[in-house]
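Labels A, B, C and D are assigned to the chains in the order they are written; within every chain, residues are numbered from 1.
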Amino acid sequence: MTLITALARLLIFPGLVFAMPAAWFFLWVERKSVALMQERVGPPFMQPFFDFVKLLGKETPPRTGIGGMLMRAWPLIAVSAAAGAVGLLPVLPSSGGFQGDLILLLALLELPSVCIIAAGFSSRSIFAEIGSAREAALSVSYNIVFLLAIVSIAASQHTFRLEALAALPATPLLWLGVAAILVCLPAKLHINPFSLPNAEQEIYAGPMTEYAGAELAMWELAHGLEWVAGVGLVATLVAPHVHAVWIAACIFIAISFAVVLLLSVLAAATARLAIDSSVRFYWQCTLIFAVLAISSAILMRFWS
Amino acid sequence: MSYKIPMGPYHPGLEEPYKLDMICEGETVRDAELHIGFNFRNIEHLAETRNYFQVIALMERVCGICSFIHTLTLCQAMEKLANVEAPPRAKYIRVIMAELERLHSHVLWAGIASKLMGFKTMFMTCFALREKVMDVLQAISGNRVNYSMNCIGGVNRDVEDPTALLALIDDLEREMTRTVIPIFTTSSTARSRCAGIGVLTHEKAVSCAVVGPTARASGVNQDLRRDAPYAAYAEMQFEVPVEQAGDVRARLFVRALEIMESCRILRQALNNIPPGEISTGADKFAFVTGTATSRVEAPRGEVMYSVSWKEGSRNPARVHVRTPTFANMPAVRWMVRGARLADTPLIQASIDPCYSCTDR
Amino acid sequence: MCTARRRSPWLFHMNSGSCNGCDIEIVAALSPRYDAEQLGVLLQGSPRHADILCVTGPVTRKAVGAVKTVYDQVPGPKAVIAIGSCPATTNVFIDSRTLEGPLDKHVPVDVYVPGCPPRPDAIIQGVAKAAEILAKRGNNPQNAEPVVTFVGEVQP
Amino acid sequence: MIDLDSIRETLGVRDPWVESRGTHWLNPGTVSVRELAVLMNAVGARFVTITAYQLPGTEGFRLEYHWDLEGRLIGFPFVIAGDTLESAKFESIYDLCEAADWIEREVHEGFAIDFTGREYEPLLLRAGDKLGVNLREMAAPTGVPAQKEVAK
């Protein structure tokens, strides 16, 4: 893998040039499909883009001192982490990658929510702090399922290379892992029924309460990129292995779209769970998936 | 470690300003302090400066949700002072309007409650349903919110074609039984947010003297439409739903059943509406000295007006309004103790609070 | 940028002592029948995220400070809509001693939506007008003067 | 149904019940409001409200206590003689009847009547203002601003 291909992956496909429109598109799909399910017309196609541009042009409250600098930094870190995660996705076959890029991907995927937690605490608003505390509790509980799912898939293949995993034939273990990841995605993306860190009826806008203007635009972008990365991870794992570049890209987009629709339906059909119910849900999931995933991973290793 | 979380006064989950300071430990609420008065417009004293036509328009704006109930109660009290009796058709129209208002208020409440649960789809469904009721209210009165239907000695507008409204009542009842009630009762996320939350025991309900659906959900069997009938309620057949559990779910059930009963009352009223005048037609009234009280069962509970007058005066000497939320609100403090922070908006919303009524 | 501002008005709704009528109509404007989201309208939870401040009610004495604070918290460019007759004139509550209204004594108001309460379609029209004003105003401090418009006025 | 006359006899009041324009009135005479509250709790009546009236001149105030007894609204008028507005005092029933809490606070805030034997939490209706202002004077029909202008 040369530097040029790496840069191209990071910046063009599936990196920023592709991921930003994709992020807006997914955000629009989510809002539109929820609206359609509610018998509404919903936002126009360009809406998330307009929102983003408008927020860029708004004033931001003046911040001073180290706290202010941190508050400015968090959204940028979140955006770059999410963009990096998207860039790592092995959408196109044989596009390179290195040994252990899965671990990097997991770290990058986790970084935005760490940023959100930190941002909430550094903004010193009581509502933002509660939002951050909830985000932290939630992230501790869903991450275990999330990591277990991925680790068990990886362990069965003796590799932490994403491309090797993406090329994996569909096995029951893979489906199990994908199901576990799907269970975690609503919490990772803060949509119903796990939208409680940003439950505006209780704590205004959660960790984002004090953010405005361009910084908020960055958060929106980070959120959109998280969508692309999370959904894209599922898509790469599920997608059949094909050599033609264009077909691979199309399959990737189609599967991502389907996953977004699935998550939107879930979001539209549920109420928000309280924090203890959410955590309980994920711990129960953890137990089931942990037993299933680890045991099957061990079994597969013995067989192979 | 306990800390204080201010909820409000200008909070996105609330339609109206008020402040609930919650003393929390972690996500558990230990105690709550309530501050109201952000809507205080001094209406009671303003009423003393208004004549007997203006005061109706003024009192209509005590509350935008139960505006008909407020004028109804006021006009009933003023009719007692002016020795006027509304004709039977007017009484039936008053029942029809009051029940339509109850329908729209309860459906609205279901929408707001589901919004507070984060259940946006349900919120939209409820509001779509509410629009149908609003259409009828608009067809009858010409306005969506402040209807100005009541006058001293009757109502201002007639219901032109009562039987045409029956189809809508059927439609509404079907929607309720097919979608709204099943979703609230079967959706597990919705149930986990309602059952066993915000319990108000029977003893506390009695000692706090709560009224309306809040009281009926705690096993207090009282309803002025049955106990002290006004307008044409004495001629209606209906049940008063009572639940024992006292939690948010019981309040939800009571309101859902009340919607059904309202449909039943509406059907009877629309079918049996007597012909005749809709008001006495008088526009000059001679009031006697004294005090008159009138009580009406509003969607949220009992509304009481005390109106006193001096003979020969055009303005009332005093108007006192006791609104249902004023009686229900202090009980919220007992409901939120020990609750999760995430449930408090829903708990306070479960009494269907109306702060513009409370503050006046 | 102008298009984006016009197409993405985010609201913060503030009740300064209203009777609920207008507030419910704002919520109704978001409901399936009227669906303001078609215009990109979103009701935001925090004033820092909003572009347009929707004020209802005749501004009670307790609410004055909060109205000003919230107005200052909305980042520019911003617009203010007075929804209903109360914030415009204090309506039937005129000469009550506990009111500090009308609203334009305290914050510059751009759009008045008259009515008691205004219908949801009028509210949406008011939001659309405010979004136009916002698009023209931009970050230019010279344009910060309120552009007083009324929903329902006859266009010349 | 609880017989209203039995209540009258328990209280030892001679005057009869008078039904007038929606309320059953009983003049409590020398019976104190606290005795009344105890009895009302005993018969299971639901507290409704207190209506305060300012009597003309310096005659003081009239307080009307209302209870709901099985659908009947019963009322007891009490007159407080107070030469000056700030000296009006009356017994509180807050400890006997929890439901009277808010309305006592409201009457205190709006009419400057002091309910003895209780403390007031911060203002219910007019936060930041002075406790116990006669609002009626402020909103007098003559339009003349009252002497006691509220501190901003």
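Observations
Here, contacts are C-beta pairs under 8 Å (C-beta built on N, C-alpha and C of every residue); 3 or more make two chains touch, one makes a residue touch a chain.
No experiment lies behind these values; they were computed from the predicted model shown.
Comparing chain pairs B-D and A-B by the number of C-beta pairs in contact, the larger count belongs to B-D. With centres defined by CA atoms alone, the chain at the far end from subunit D is A. Distance from the subunit B centre to the subunit D centre is 25 Å, each centre being the mean of its Cα atoms.
Between subunit A and subunit B the centroid-to-centroid distance comes to 44 Å (mean Cα coordinates, whole Å).
Distance between chain centres (mean CA atoms), subunit A to subunit C: 36 Å.
One inter-chain figure worth recording: subunit C and subunit D are separated by 41 Å, centre to centre, where each centre is the mean of the chain's CA atoms. Among the residues of subunit C, those touching two or more other chains are numbered 32, 44-46, 61-62, 95-98. In subunit A, the residues touching two or more other chains are 38-40, 200-201, 204.
Of all residues in subunit B, those that touch two or more other chains are 12, 37, 40, 42, 45-46, 49, 124, 128, 359.
By the touch rule above, subunit C contacts subunit A in their complex via residues 1, 3-5, 7-8, 10, 32, 35, 37-38, 40, 44-46, 48-49, 51, 75-77, 138-139. Subunit D makes touch with subunit B in their complex at residues 20-23, 44, 46-49, 51-53, 64, 66, 68, 70-73, 75, 97-99, 101-103, 110, 121-127, 135-136, 138-139, 141. Subunit A meets subunit C in the complex at residues 31, 35, 38-44, 46-47, 49-54, 57-61, 200-201, 204-205, 208-213, 216.
Those residues of subunit C that touch subunit B in the complex are listed here as 13-25, 27-28, 30-33, 43-46, 57-58, 60-63, 66, 70, 91-93, 95-99, 116-117, 119. Against subunit C, the residues of subunit B that register as touching in their complex are 9-10, 12, 15-17, 37-43, 45-46, 49, 54, 57-58, 61-65, 67, 108, 111, 124, 127-128, 130-131, 134, 144-146, 354, 356, 359.
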